[in-house]
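Here you go, one structure.
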Amino acid sequence: MSITLLQAFLLSLWAFLSGCDRMVEAFFWFRPIIVSTVVGIILGDPVNGAIVGGLTELAFAGLTPAGGAVPPDPVVAGLMGAVFACTGKISPTAAVGLALPFSILMQYIIVLMYMAYTFWMRPFDRKVEACDVKGIVRINIWGTLIAGVAYFIFAFLATYVIQDVIQKAIDRIPAWLMNGFEVAGGVMPALGFAMLLTVMYKTRYLPFLIVGFLAATYLNFTNILPVALIGCSIAMYNYFFGRKETGDNTVMEEGESNVGI
Amino acid sequence: MSITLLQAFLLSLWAFLSGCDRMVEAFFWFRPIIVSTVVGIILGDPVNGAIVGGLTELAFAGLTPAGGAVPPDPVVAGLMGAVFACTGKISPTAAVGLALPFSILMQYIIVLMYMAYTFWMRPFDRKVEACDVKGIVRINIWGTLIAGVAYFIFAFLATYVIQDVIQKAIDRIPAWLMNGFEVAGGVMPALGFAMLLTVMYKTRYLPFLIVGFLAATYLNFTNILPVALIGCSIAMYNYFFGRKETGDNTVMEEGESNVGI
Amino acid sequence: MSITLLQAFLLSLWAFLSGCDRMVEAFFWFRPIIVSTVVGIILGDPVNGAIVGGLTELAFAGLTPAGGAVPPDPVVAGLMGAVFACTGKISPTAAVGLALPFSILMQYIIVLMYMAYTFWMRPFDRKVEACDVKGIVRINIWGTLIAGVAYFIFAFLATYVIQDVIQKAIDRIPAWLMNGFEVAGGVMPALGFAMLLTVMYKTRYLPFLIVGFLAATYLNFTNILPVALIGCSIAMYNYFFGRKETGDNTVMEEGESNVGI
Amino acid sequence: MSEYKDNLITKSDLNAAVWRSIVIQGTFNYERYQGSGWCAMIAPILEKIHSDNKNELRERLKDNSGFFNTQLIMANFLLGLVISLYEKKADRKLINGLRISLFGPLAGIGDSIFWFTLMPIMAGICSSLATKGNIIGPIIYFLVYIGVFALRFFAIRVGYYTGSKSIEKLGAKTGELSTAASILGCTVLGGLIATLVSFQTKATITITDSVSLSIQEAFFDQIIPNFLPVVITILMYVMLKKKVSPTFLILLLLIGSLTLSYFGMV
Amino acid sequence: MSEYKDNLITKSDLNAAVWRSIVIQGTFNYERYQGSGWCAMIAPILEKIHSDNKNELRERLKDNSGFFNTQLIMANFLLGLVISLYEKKADRKLINGLRISLFGPLAGIGDSIFWFTLMPIMAGICSSLATKGNIIGPIIYFLVYIGVFALRFFAIRVGYYTGSKSIEKLGAKTGELSTAASILGCTVLGGLIATLVSFQTKATITITDSVSLSIQEAFFDQIIPNFLPVVITILMYVMLKKKVSPTFLILLLLIGSLTLSYFGMV
Amino acid sequence: MSEYKDNLITKSDLNAAVWRSIVIQGTFNYERYQGSGWCAMIAPILEKIHSDNKNELRERLKDNSGFFNTQLIMANFLLGLVISLYEKKADRKLINGLRISLFGPLAGIGDSIFWFTLMPIMAGICSSLATKGNIIGPIIYFLVYIGVFALRFFAIRVGYYTGSKSIEKLGAKTGELSTAASILGCTVLGGLIATLVSFQTKATITITDSVSLSIQEAFFDQIIPNFLPVVITILMYVMLKKKVSPTFLILLLLIGSLTLSYFGMV
């Protein structure tokens, strides 16, 4: 099944909306589980959309932008995964793997955009100097919309303009490459977590990392909630029964390590 | 099989004995596991008696009178459950469910009795005024025995006088009602535990509730012992290694919250 | 298959080497897993050697000499177990059980040797008085070698001189005796751990014993690592977040209790 | 043991008090709880101490006839403590204040150990035997609780000797022991909620004609096992805090269960 | 609520600020991060306070246009706090110092709760529905995050009232709360490494012609399950600490995976 | 590393001491334990320091020839520490006091790490390979322990530099580290009791002719798995505390096992 112009336009519009949300992290409809489901609805196959969305969401739950990091892009992952699963004869699992390179590509585009937006700080500073309050607000709205447009274009190109090229590439993709992408998708969160660790890790927090790891390894659960409850319990125990800290310096110390990201 | 007058008398006598013990919580032969087994012996079917006793004991282990609360009555639950299982063609599980309304009925009788005994405090205070030491002791013995008599009467009525009425009612009881009683029996401890929580709960104890819950949910054990051992370990750790408290005010604080029940 | 003189000589040589190492605990090739494998190689059956070595290692992991205790001998256990498994038609499990009495015998020989070496302290003190530094070092080397010779002799006797006697004894050994030795092997570490407890146990460490026990009982793991990680986490938590101790007296206290062994 | 020599209260006085402690709840009522029963426990002891002065005796009896409620083993411990203080002619107000301030925390400690920990453990072990029709289950249960009763003789002695030593120390320790007992109690309580409260819905959502989804499996169990029992327990707690009467809540649970059962949802 | 009466800043000013907080990352860039966005959040408020003095306004705007980065709910909390201090005419340097010293720890707290805990939980619950093709999964997800957005209205108020009270206290508490959040965050992080990083080798060692040993099962799984994911995560961490760029590491992982896949080792 | 320059004791002196440490237990005996071996480790160093004064040397050698017992890696650490103090001409009594007060806690730390933690882990990992007949198991075991031996070269250096810094600090830290090691050690010990002590009864109770009840399953396993191993360990502990000799206990276990086996009860 190939994508019609109307569908491509709707997909791109949706990419615009979720791209804006991805930029500002406001309503979280930029998460793959939502993105893919809507894509599925547009393409007339909400069930496969939801399935790919669920799989991608799980794979991307560890790839957070915390500390200003830029992870493989969740919008594009959700978009392309659902497109592959709903239009080709590709299984949802394989679709998740295939979407990965696209999502990494978009990640780099975002990094470039964050760099480009740096140049916007000159006019911004001038507005501050001029006490142009309305302008200060407006510049942030424009920034959001422009990001959305980037997603619109990306989506239109990938799902319509070069869809045949992509389709042909996929038909010829060997098994080991397919498998390789899936493996890469599975191992990628390691980097995300390592980046978190550079922010959060101190020797004295090692025990909690270990406890969380052991709990998740040996308990048989469906979501991370029990581990979070364990963490919560230890945190509360330490808060109520632990040694009181002197406080102030701790704040600074932690503050600084966080700024550096 | 219907109950003979002799059996009914023996059952009532046993209800008297275990009712007294229920009142004063001295020897714990008022617990369902004991009550049912003895009932089974009286009715010539100790095996079914023990089975119902075990099931009822498990269901009632959470329904404690701690803090002066009155739970669904364990003696009547044990008595009626065993009677149903040993005389009718009712399975032990169903018997446990059927006994529940009786046990709730007795619960209300006990509440009334605790109210009635309030009036006894006038003569009691007169004895104190008169320094009648022997009288003070005697009044408590009488209180115990009167409670036992209440159980005697209840048992005689339920197992002999109206046994046919009950039997007929049971024969006509629809499946959903049966199931409903079982469900009610399963959910009842929630109230018992909630009542405990009003006594024991403070925000700082939340972690331990969570840990106990998780341990019981994810470990695969036959009795609560491992959870108790975990609680014990945390308590000891806190005692030996935790922050020392100032003490005195804590005592008062806890004392007061306990009095209020 | 019976053992040739050459093989017996090689086995005894190996017993000498590992016996020296057992005495000084330097390179740990005295552990059963190594001893048995080498014995297997010498007897031309490295596979069975490794198997017996693994089983014996597991059984002996709790039998440590910590605090100067003398456990059933690991060298002899590894040696005799592998000999039985590689030469007779005895299963590796049974071989481990059969080796136990030999290893207990060697344990007593070591105890005697530690007693005998006491008399060596007189010449040693004279060397100290004479400032004979080289002599002080040399006496310790000799002590090591003599221990090795004891192992050499034991091995030569047990594997060559009286091998027929042993073989015949084994042929006639009844099933219950065999089983009894296995059971004894399984229960023996209890003594080892009890000896450790006399050194390490204080009431305030009880929580950790319990936690370790529960973790090992309810988690499903292949080696003790997760329990060690839990212990590590608690220790670190206590170190970083626990109540600071006054220190000095603790040192003494622990020091003294350790000296006493 | 030499302490007994010169003392008025003998070993057998303590033992007699334990036997009287059997009926400490014999007139349990909503005005005094165990107050009248406690008075019966201590009255003969006070009579012996103040045999020469009836007015003094009357005052002391009045002191010991107000509201009182604690766990029963702990009541014996407390009695031993109080007796030793009376003998030492400690200040009357101090004794009474101590008694009143201690019964609450001691109830907490005792209930945590005996009601919330020992009982479910015994229930677990013995019921697993009983439900196989094995009468050894009830027998072990019976014997253990005879042992528990025997602890009263021990507890009254511990109280008696503790009282003879320092009381200040005790005060501080009660706080810490009370915390320890609360930790134990709450941990077990959390475990009991997970094991003894059982509630599952059988409700389903129909997706297509032939496929339907179990709400219990597809939703509640996905959050966390035992989710509904926890929610119901919290609900009960909140309502109790809002002064809803337990009697009403029992009826609510009963009628709720029957109704849901009628509609095939449980 | 009486606080609003005499105050310049009204309820609807706070609400308007929350709506502006939508675009706090609208010009996110590597020089200021959320700095320019934060300025847009606070600018109209400052304009209202300093309507009479343009120079003062300019200074204050400049104060609020530098580097800034925190979790978005926490940004609203902080805004409430800062506003209340401006209103109270607190020292300009103190306000700015506070803002700068707080955003880090607050990011830590907020990220621990929202990114590292809430998100994987929601992912777990909703994905298990979604992967069965059930559209209720995404719907629940959506609704929950609408609720999370609504928290901003709550957060700004909490900040506003906290600021009205004592700030010294807050400082001390931030330290403790930050520790608590780090404990929560690290525990969950440990769990996430075990659940979300997946890597297994298919490599084998050939022993005899017919028998071969899976390295994964015979060695790595013997050490501890999830051994390789941990090792890879630690490796990434070490390289990041050695200033290797994340971009390079992504390529490394990608190419590594493809290569190993080509040789049939994963 | 500059510290070596002006110092009498060189890198190769330290290394030589490590090689001598191989025989620290070469004359292990019940009077001095490792005392005579420790003396051999330190003697050549003392000879170098006091080459000019034989009387002084004799005194120092005597100081170092009494009872001594510690874990072997820790012995090297302690040697480094002591050497640095000798070089600094610290008070003779202080050095000896330190040495005597430290070997106990250091044994606790070292034993917890090496005997009670590392060894069972290695046993677990390598045995699971070995029992499949795979020779890689023993090889890994061997290599790891060569690495452990190499740690001695590291330990002596750490001791040497620590000594050069402050000793007071060390004293305080030893207490805390010792607690940490005890926590680790006891946790693992609890785990080892559950995994390495194995004992199960095969005894049954006959209920009817055809039905019989396994005591192990119906009773002991109902209490808690591994119940009997714990009970036996506690029993052994109590007997050791009552000064029953280990030799006697070994025989007791052996004969007990054989007897029970004879009657088909194990």
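Here the chain labels run A, B, C, D, E and F in written order, and each chain numbers its own residues starting at 1.
We adopt the following convention: a contact is a pair of C-beta atoms (placed from the backbone, for glycine too) under 8 Å apart; a residue touches a chain by one contact, two chains touch by 3 or more.
Note that this is a predicted model, so its numbers are computed, not measured.
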Chain pair, C-F or A-D, that carries the greater number of C-beta contacts: C-F
Superposition of subunit B upon subunit C: rotation angle, C-alpha, nearest 5 degrees: 120
Interchain centroid distance [CA atoms averaged], subunit E/subunit F, Å: 46
Geometric centre distance via CA averages, subunit D-subunit B, whole Å: 12
Numbers and ranges of subunit E residues touching at least 2 other chains: 124-125, 128-129, 132, 134, 222-224
Shared interface positions of subunit B, touching two or more other chains: 208, 210-211, 214, 217, 221-223, 225-226, 230, 232, 234, 236, 238, 242-244
All touching chain pairs, where touch follows the definition stated at the start: A-B, A-C, A-D, A-E, B-C, B-D, B-F, C-E, C-F, D-E, D-F, E-F
In the complex, subunit C residues that touch subunit F: 23-29, 31, 33-34, 37, 46-48, 50-51, 53-55, 57-59, 61-62, 64, 66-69, 72, 92, 101, 104, 107-108, 111, 114-118, 120-121, 124-125, 128-129, 131, 133, 136-137, 139-144, 147, 176-177, 179-181, 183-184, 186-191, 193-202, 205-206, 208-217, 222-225, 227-228, 230-232, 234-236, 238-239, 244-248, 250-252, 254-259, 261
Parts of subunit B lying in touch with subunit C, wherever the complex brings them together: 219-221, 226, 229-230, 232-234, 236-237, 240-244
Sites on subunit C touched by subunit E in the complex: 221-223, 225-226
Contacting residues of subunit F [partner subunit D, same complex]: 207, 213, 218-219, 222-223
Contacting residues of subunit F [partner subunit B, same complex]: 221-224
